[in-house]
Structures are given as structure tokens and as C-alpha cells.
Amino acid sequence: MKRIAVLTSGGDAPGMNANVRAVVRTGRHFGLEVFGVIGGYAGLIEGKFITLDTPQTANIIAKGGTILKTSRSKEFMQPGGRMAAINKLKNAGIEALVACGGDGTFRGAHALWLEHKFPIVGTPGTIDNDLFGTDYTIGYDTAINTCAEAIDKIRDTAESHGRVFIIEVMGRHAGFIAMDVGVSCGAEFIAVPETVTNTDILYQRILENGKNKRTIVIVGEGDELGDAQQLSLLLKEKYDISSHVTILGHIQRGGSPTVRDRVLASRLGVEAVKALLNGKTDVMVGEINHQIVYTPFEETWMRRKPLREYLIELSDILV
Amino acid sequence: MKRIAVLTSGGDAPGMNANVRAVVRTGRHFGLEVFGVIGGYAGLIEGKFITLDTPQTANIIAKGGTILKTSRSKEFMQPGGRMAAINKLKNAGIEALVACGGDGTFRGAHALWLEHKFPIVGTPGTIDNDLFGTDYTIGYDTAINTCAEAIDKIRDTAESHGRVFIIEVMGRHAGFIAMDVGVSCGAEFIAVPETVTNTDILYQRILENGKNKRTIVIVGEGDELGDAQQLSLLLKEKYDISSHVTILGHIQRGGSPTVRDRVLASRLGVEAVKALLNGKTDVMVGEINHQIVYTPFEETWMRRKPLREYLIELSDILV
Amino acid sequence: MKRIAVLTSGGDAPGMNANVRAVVRTGRHFGLEVFGVIGGYAGLIEGKFITLDTPQTANIIAKGGTILKTSRSKEFMQPGGRMAAINKLKNAGIEALVACGGDGTFRGAHALWLEHKFPIVGTPGTIDNDLFGTDYTIGYDTAINTCAEAIDKIRDTAESHGRVFIIEVMGRHAGFIAMDVGVSCGAEFIAVPETVTNTDILYQRILENGKNKRTIVIVGEGDELGDAQQLSLLLKEKYDISSHVTILGHIQRGGSPTVRDRVLASRLGVEAVKALLNGKTDVMVGEINHQIVYTPFEETWMRRKPLREYLIELSDILV
Amino acid sequence: MKRIAVLTSGGDAPGMNANVRAVVRTGRHFGLEVFGVIGGYAGLIEGKFITLDTPQTANIIAKGGTILKTSRSKEFMQPGGRMAAINKLKNAGIEALVACGGDGTFRGAHALWLEHKFPIVGTPGTIDNDLFGTDYTIGYDTAINTCAEAIDKIRDTAESHGRVFIIEVMGRHAGFIAMDVGVSCGAEFIAVPETVTNTDILYQRILENGKNKRTIVIVGEGDELGDAQQLSLLLKEKYDISSHVTILGHIQRGGSPTVRDRVLASRLGVEAVKALLNGKTDVMVGEINHQIVYTPFEETWMRRKPLREYLIELSDILV
């Protein structure tokens, strides 16, 4: 193997640049030429390759977003798009690919392998932590800290006014962000998609907390009761409780990555290149209990990663 | 004068605690007993007074929110409420009051003076900076920095995806926050209530910026075109441009105050007590060109503080 | 068991308050009365106990330092001091103790158990991460992120001036902080106590990096070559390389804890109380591979926790 | 005028990039070609020019340090060095220069004007705020906020241990940073070069504060009593008071600029170009009471900018 490429795809996540840096430097360390693909799978189809070497990656480890840009490509979901991509890769003499992203990215990668036997290894890059095969995804630690800092600020106001605040965080269909953030911010109530949300308990806690006291409610975006706005309306209609709603939104995707995200992204970047050199393909490289684990792409989205039981226990006991 | 009290009222703002600390310590410095009123004007009506001395204010200078709590009291807007408050003040032997807040706070303070000749001096505590009689209000500097940090994060994503982002910031009917934040974040377009928003120019700038490039649009909440959501719809309908909307919301009110806010709040707290000792009343203490200025309460909300011309020029030249 | 107490001892660490909060709330959850000891073991000797309940711990989860204060007590190292402490505990009707701190804290706790069979369980509270029996200590994650943020700032200057910067971080005789921080900041060289520091390699990397380029060197405080200042002198004398020295110092101990530290501190606080209720004593409660582990106090300081191999590999490959 | 250049020189300061961005975009706005000089005056001597246009400056407004690099050039202090620089400028067809830096930068700029009548305008870029002719220098606001954040962290430890902390901040021979930071952090004592430091008062305040209470002392690096280390020794010898010393060091120079620094840097960059176009030279463009002011280079370092009286008053009253 002489030439590999790296791309970032799907929603951007802090640490993607650290991952790219690690792929580039590890590739160089083992004597490979390394290319970057600009714009994810869309860039693959268009053959947007740039040469990457150590100097270009000198200061990106601390940078949010992805210098390679990213996209969600509908064309790549079709066999024709993937065929076009393979042709571009072959024309450029690229023999293998590292793809950093979430389940959408891995679906594309899996199809590329199935149809064209093109060696491809994935690294988990998404703030949502919703991939089976790794304890944490790249970007997750930064996102939960961004949320906690934001909620610490909102608590100043909630405390000063004695208000109920309902704060919606990201996480798609998984409650990882909501749960870690809720526990770490001492939220009075946490609503996640994985469990049934009992608003009577919420009402009870608001009452126990006392009138004119601040109550912090964290809602994961995929909760079955709906979003923060709907929960606020329900609280008003069913219990006559007024509340303020804040949707943290896209600040959760950005920012300089935390140490954990930088180290995880670096490690998985190194291991992805080593995996390719060792003939691995069609797998995501993850970290479980501090050990490197290879999980077939299909399992990463088909098997559900559960919330840790102890977090649910903490959210009950520590209210 | 032997006994004074201090309260915070209306929306909380970072620096209110530094202001309270300064009032307490300056009062003690001049041999006064100082009381804190819990919960703004509502607490005044209920006679919720606590004794404050140097030790209680030892570590609050860096703390967001207000340890005295705050509220918006409808009762105090009525003569009966103010009469009740005066009785509580007199029963406690309190001879003068420092009120930290925005225009609503000063309207109440003004009425209290008019009806009862109770000495009262105000300090400008609001993130919106919309008070005549001071270059900056307490909390404003922290709020604009909180906004800039959030937008720097969103820019990571906007840059990585090449998207148009429309970000709504606070400021009520004034564009101070939007303008300072927009200039400091290098926004491609800034919409403020003070000027007519020309969406053709916005469209032009998106085109010039190039397809697949990030464009950052900052909207002040009181803009005549409406909020960020409405602007996003308008962009879609009129120009077929897709955009993402983020409303920064209540994170803008909280957080540890910046140095400027801590120093301003400290200075105005000192000067408010000195003003009361010098027989001043019915005025807000502000800072203009680094000098202390006393502005009659009525002028603080009746006279409009304009945006600085140079900011508008910067937003045009530096796009 | 009806009454327990909690104390923090030794150097303070971010997350100690979250740990105290969890002990208090878990104690209340199981129907216990919970006391706080003010000032660590010194306060134990003096019988400085305060009652703690849910409301007092309402907002401390996000607060750095320790509301219970801490100290290093020489008196408690003597049998007489410990005897005095036991008498105070018995007089107050306290039946068991949770002690949050590092190896000094656990030595004291172990002696208290040996001599008086007083039930005592420890939680690992130190930024240094140098305790056997837990993957991470409470405070470590915050400390490494504080370091990384500081070094990101120094890099701005190093980059602008093309200078060699030698930055000393804490960690006592262990290189955990230096290694995680060095890898996450893309340092060109990391010196830790666990390995022999080869300055020829450092010199080589400075040369490869190029004249007038920034080079970041991280030194753990216990490195065998000495501190950052000594390394700077050595670089000058042996290789005629000029460098700037920064000792990050006490900023590393403070600050609002990260999400990981808050969650870890909360979990270990819950588990410490459960351990006492289950009759455990003379052990530290730690977390290894996400599971709760009880380690006899003596092992926590007698067995050496090694640096993770993969970090050493990363620091070599990714330079 | 058709071609201008911009350089940054001396110690780097946050906001220098925002200043460069504004010079580039304003130059383009007025139809000029704009060059960047790499490495300050040293780069001028070597003719290291790069073309700068709007796209290169797209995301630098939020970036610390200076993308143009900086240096302290001994050669430029000699007539020969300046002659070499002029030749390079003329060869490149550059007709005027904007120089961002401190007094050393302006001494060089002044000499260049005197000897060669080469049009040159300065912008105040230094964290020290020690230039006459502007209320604040570019970088100052960021530096004081960086200091305050660091000291807030140290306070956690100081508070938890009840210790005296002596913290040294930058500022060269001026106490601006020390004074603003000391007041905003509620320091018990502030030592600045401008006033005689009375350690008896410091001792008194430590006593009043009480044994086992935290005391924060801020020392400006140019204080006549010497640095923080010397003050610590003196406290020990003269009063038998133990204290911890922290030197904040180079973290003070870096980091993403605050809103104030970004706006100030942007405004002064715009005005510097306008000044050149209006025939101004040998002056620094500053901001006093929100108005643009031109100060002859010589005055910027020969006239002393005093500390504001009110800060000294605050530091006395609010202890």
C-alpha cells in the first residue's frame, strides 16, 4: 500500500481535525502518501483530492470543525455515485480510505466495500455518541462540555428569577448527551428517548423544589414526548406551570476539542491507518475499555448502544 | 444617613453581584448599615431585607446572576404596591435605596421618588445596553463576549458545511448587541432594529461569498423584518436560499462577568452610595467617556441612545 | 448506620464539591444524617462538623475547590491526633466517614481504620491521577483541559515568534498530566518521570522543526532531568538553543469541573455511601473500565499505576 | 496611492489579526493593493512580502497571535537596516505602511519616517496598554480577561486552603493590567509600579482578613519592590507570613480576542488606512473617549499615560 486518503462526512464534530492529523502523520510515519478528500463523499465523486503532509496539519489539533469540509451526499447513496467515486480514487492511485463520521458515513463506506471491494476503515466522528462499537465517539466529550457550560450560565438566570427552564440538547434518537449533561448539571429532571418520560414525576419535583425556585429540565431532542417546546406547553396545560425554553442548537457541534476528544481522535487515527496496513476493511475502529476494537460497519448502526445503567441511577438518587 | 438598602430588579445581568458588593463595601466604608432586598421590588413590598456586610460579599464579584434574586413585580407598578414598600422601608429604618436594573426598574424608582420623596439612585444593570446616560450598561460586555464565543463555535460548523447561518441575539428594541457581535465575528450581514434591513444586499453578499461558502447573518431580536426564523423563511421564499437558524437565548444573560463589567459595576456601586450621601436622588449613575454622569431617571428611557456610527461603517467596509 | 460524615483533604481538586454533594444526597436518600467536616483531618481533630442536607448542595456541582475546605494536617499523622479525631466523631454520634483526597488522605484513613476500626471509605480526589485502583481520579480531567487551554494560548505566541517554549505541568512523580496534555496539544516533545528523557532527540526535533518555527515542550514536574527551568538551561548550554519557560502553576487546581469529573465524582460519591452501608471499609472506591472497583487503601499508593502504552506510542508517531 | 503594506512587530497581542484583516479589507475597499510583511521589521529588511486579499483574512478575526508573525529586529534599530527595508519597499512598489505594535515598533517607524520620509501610520498593538494616545491598546482587554479567569481558578484553591497567594501579571513598567485585574478579582492588595508599595498595609489586610482565610495579592511585573517571588520572601522575613507564588506568564499574550479587542482592532485598522490616504504619517491612530485621535509617534512613548484615579480609589474602598 502506497497511497491512502482520508475524508470527513456527515455532521461535523470537534476532533475531526485531530483525527485527520493523526491519519496523515501515521501514514507518513509508515511511508505512505496521504491525500485529503475535500467535502466528504461529494468530494470523492468529484475527485477533489489534496496532498496532505505533516506541515499542513501542524496546528489543526486544537481546531473545531473539519479542514476537509463535510457534506451529506445524496448522489453517493446511489450505486452510480459510488462507481464515480471509485473511478476517481483509482485514477489518483489511491488504494484505501479512512472515513470519519457517523452511521450515514459508515453506510456509504459499507456499500463502497460491498460493491467495489475498496479497502475502507471508519473512525467514529459524531457528537451524538450513537454508534455501537466504541465507548465514546469523537466530538462527544466536547459537546457535553459545551452544553454544561451553557447550562451553567442559564442556571445563573434560573436561580436569580426562580424559574423553570427546559433546555433541549442534541443526540438524535439517543439520550447520551442529555443524560451526561443532565447529571453533570444537577438537573431536576432528564427526558431521554430511551425511557418513558413521566411528567407527573417532573411536576412532583417542581413542587418539592418549591415555588420560586429554579428547576432545570434537560430534554434530549429525540424524546418520545417531543421537543422542549412541546414539553413546555404540556407543563402549562396539564399542570399550569410556566417555563422558559432554550434550544442549545448548533453551538454543540463546534469549538476547540477537549483533551479526551483530541487524544481519542489521535489514537483512532493512528489505529485506522495501522488497520488498513494490516488488511482490515469494512470496520470501524473504536475504543472500548481503553482497548482498540474493530466493529463491522453494519453492526455500528444495527446494534443499539444502551445508556449506562449507573447514569439513570445517578439521575434518580441525586435529584 | 445611617441605613441604606440595595436591590436588583428586572432581567438579571452579569455584574449585578459586583455592583451589590460595591454598594455594601462602600456603605460600610462610610459607616452605613447596608441591607439587601431579596427579589427586587416584590421583596420590597414584602419587606424581605437581609443584613449585608463585607464577608457575605467576599466571593461574589466573579459570580453571574444576582444573589439578591430579581423579579418583575406587577404590584409595584401600582401606587398601592409602592405605598406598601415605603412602609416596609420606614419600619426597617432604611433611609435610601440603590436599585440596579433596566428601564422598568427605573420607572418604578422614579415613581417611588415622585410619590414618597424616598431617596433612590439607580445603576444600569441590563445586558441590552439600551439606557441613555451611560456608554455601557452592567452586563453588556459579558453578553457580547458570550455571543461571540457561541458564534465562533457555530462558525466551525458553518465553515465545514458551507452553510448560511442566521443567528438571533438579544437586545430588545436596540441593536447594540447585534452590531458589536456582528462586527466582532466578521458577520457577512447584520440586521438591527435601528436601520431598514435590505435583504437584496444580504442576497448579494451570499452570492458574492460564493456557493458552498459559509455566510454568517446576525439578527437583533427587535429587527423590523422579524426574528431569525422569519428571515430564514423570507430568504427561502424570495431567493431560494436555504439557511440554518440558531437563537442564542438565555445563555446570553448568564456567566461570570468580564473584567470590564466587574470594574464598571464596582465603580458605579461606589458612586451610587456617594451620590446618595451627597443628596442625589431620582437619577441613574452612569459612565460616559470614563467620567461619572448623573442622568434623571426619566431621561434614561425617554431619550434614545443611538448606535455608534463607526460600527455601521465597520460593518459595511469589513464585509 | 444513622450518621455519616464526609471530608476533603490534601490538595483541592475540581469535582470535590460534586463528590460531597453526591455523598450528602445519597446519604439522605438512604435515610442517613450527613455531616460535613470543615478543613479536612485538622477539622476532624477539632470537631468542626456541620449538618449538610440537599439544599446546601444545590449549586455546588459546578463549583471548583471544596466548600468543606481542606488542609494538610501534621497532627493527624500522629496517633494522638487520630485519637482526638475519633473522640470527636464518637461524641457527635458519627459512625462512618467518606474521605476524598489523594495518597496522604488515604494513609491517614488507613491508620484511622487500623487503630480504631472506624469505618472509612475513600474517593480519589486529586488532579495528579497517581492513585492505583481507578482509571481516573476526580479533578484530573479538568486539570488536563485547563492545561490544554493555557497551552493553546501560549502556542499563539510561540507560533507568532517562532520560539521554543518549555511548559511545566503538575503531576508530582507521575507523568499522566504531561502525557495527555502533550499529546493533545501536539507537543514536539514530552518529558515525564516514568521514562528517561533524551535531550538529543529533543534537539533533533527542534532542528527538524526548523529555525524560526515554534516548538512546544511539555515537562511533568517530577521529571528526572528536573524542572522546566533546568531543561531550558541545559538546552542553552548543551545545544545553544534559547527557549522560554512557563510554569502553569496553581491554575491547574481550580476551575469549574468538566462533565467527566462531575459525573465521576457523583458516581463515586454515591458508591462510597453504598459501600459503607454494605459494610465495606479501608478501601478506595474507584472506576476501572466503567465498573466500580474497591481497592484497599494500602494498594492505592503502594502499587504503581503505569502510563498507558498507547500514549507513549502516540507521542512518538504524531510528532 | 496604489500599494500599501501591513506588519505586526514586537510582542504579539490578541487582536493583531483583526487589525490586519481590517487593513486588508479597507485597502481593497478603497481600491488599493495590500501586502503583508512576514516577521515584522526583520521581514521588511528581507523583503518578505505576501499579497493579501479578502479571502485570506476570512477567518482570522477570532484568532490569537499574528498570521504575519512578529519579531524584535536589532538590525532595524540601525540606519543600515532601515535603508535596506526602504529599498525592499520601493522595489515592491509599496508606497505606505501600517505598523501594529508597541513603543519599540513606533520608534522604528518614527526613524523610518525621519530618515526616508516613507509614509507610515501605527496602530497600538500590545497587551500592556502602556502607550500614550489611546484609552486602550489592542490586546489589553483580552489579556486582563485571561488574567481574571486564571485568578478565579486560583481563588478556588486559595479559598479551599485558606492561603495567601501572590500572583504576578505582565505590564512592563505600567500597572494597567495589575490594577484592572486586581479590582476585578477582588484582590486584597495590588502592587503597581506607579505607586509606592506599602507592605505594612498588606500585612494589616492579611491580619484583618483573618488567619486561615485566602488573601489574593496582585503584583505588576515592574513594581519597585520587585517581582512576586521577592514579595513572598519579604512577607516571610519581615512578617513571618507564608505565601504561594504564581507567575501567570505567557498565557497572557495569547487566546482568541475579546469583542472589545476585535472591534477596536477593526476600527483602528480602518482608520489607519484612511489616515494614510489622507496624507497622515508619523502618527499612531488611537481611540480616546470613543473618538479617533492621531498622536505623533514620539509622544506615544515619551508622554506617560497615568493610571485612572478611580481605579486606585476602588482598590482602597472595596477591599
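For reference, chains read A, B, C and D in written order, and residue numbers begin at 1 within each chain.
Quick note on the criterion: a residue touches a chain if its C-beta (ideal position, glycine included) is under 8 Å from a C-beta of that chain, and two chains touch if they have at least 3 such contacts.
The shown structure was predicted, so the numbers you read here are calculated from the model rather than taken from an experiment.
Asks: What are the mutual neighbours of chain A and chain D in this structure?
Replies: B, C
Asks: Tell me the fewest steps from chain B to chain C, where a step is a jump to a chain it touches.
Replies: The fewest touching-chain steps linking chain B to chain C number 2.
Asks: For chain C, which other chain has the most distant CA centre?
Replies: B
Asks: So what's the Cα centroid distance for chain A and chain B, whole Å?
Replies: Here chain A and chain B have centroids separated by 35 Å.
Asks: In whole angstrom, how far does the Cα centroid of chain B sit from the Cα centroid of chain D?
Replies: 29
Asks: Among all residues of chain B, which ones touch two or more of the remaining chains?
Replies: 152, 155, 159
Asks: Any two chains that touch count here, so list every such pair.
Replies: Those chain pairs satisfying the definition are A-B, A-C, B-D, C-D.
Asks: Considering the complex alone, what residue numbers of chain C touch chain D?
Replies: Residues 8, 11-12, 14, 39, 63-66, 69-71, 146, 150, 152-157, 159-162, 165, 212, 244, 246-251, 253-255.
Asks: In their complex, what parts of chain C are in touch with chain A?
Replies: 21-22, 25-26, 29, 58-59, 61-62, 135, 141, 144-145, 147-149, 152, 155, 159, 180-181, 183-186, 256, 258-260, 262-263, 266-267, 270, 289-290, 308, 310-311, 313-314, 317-319
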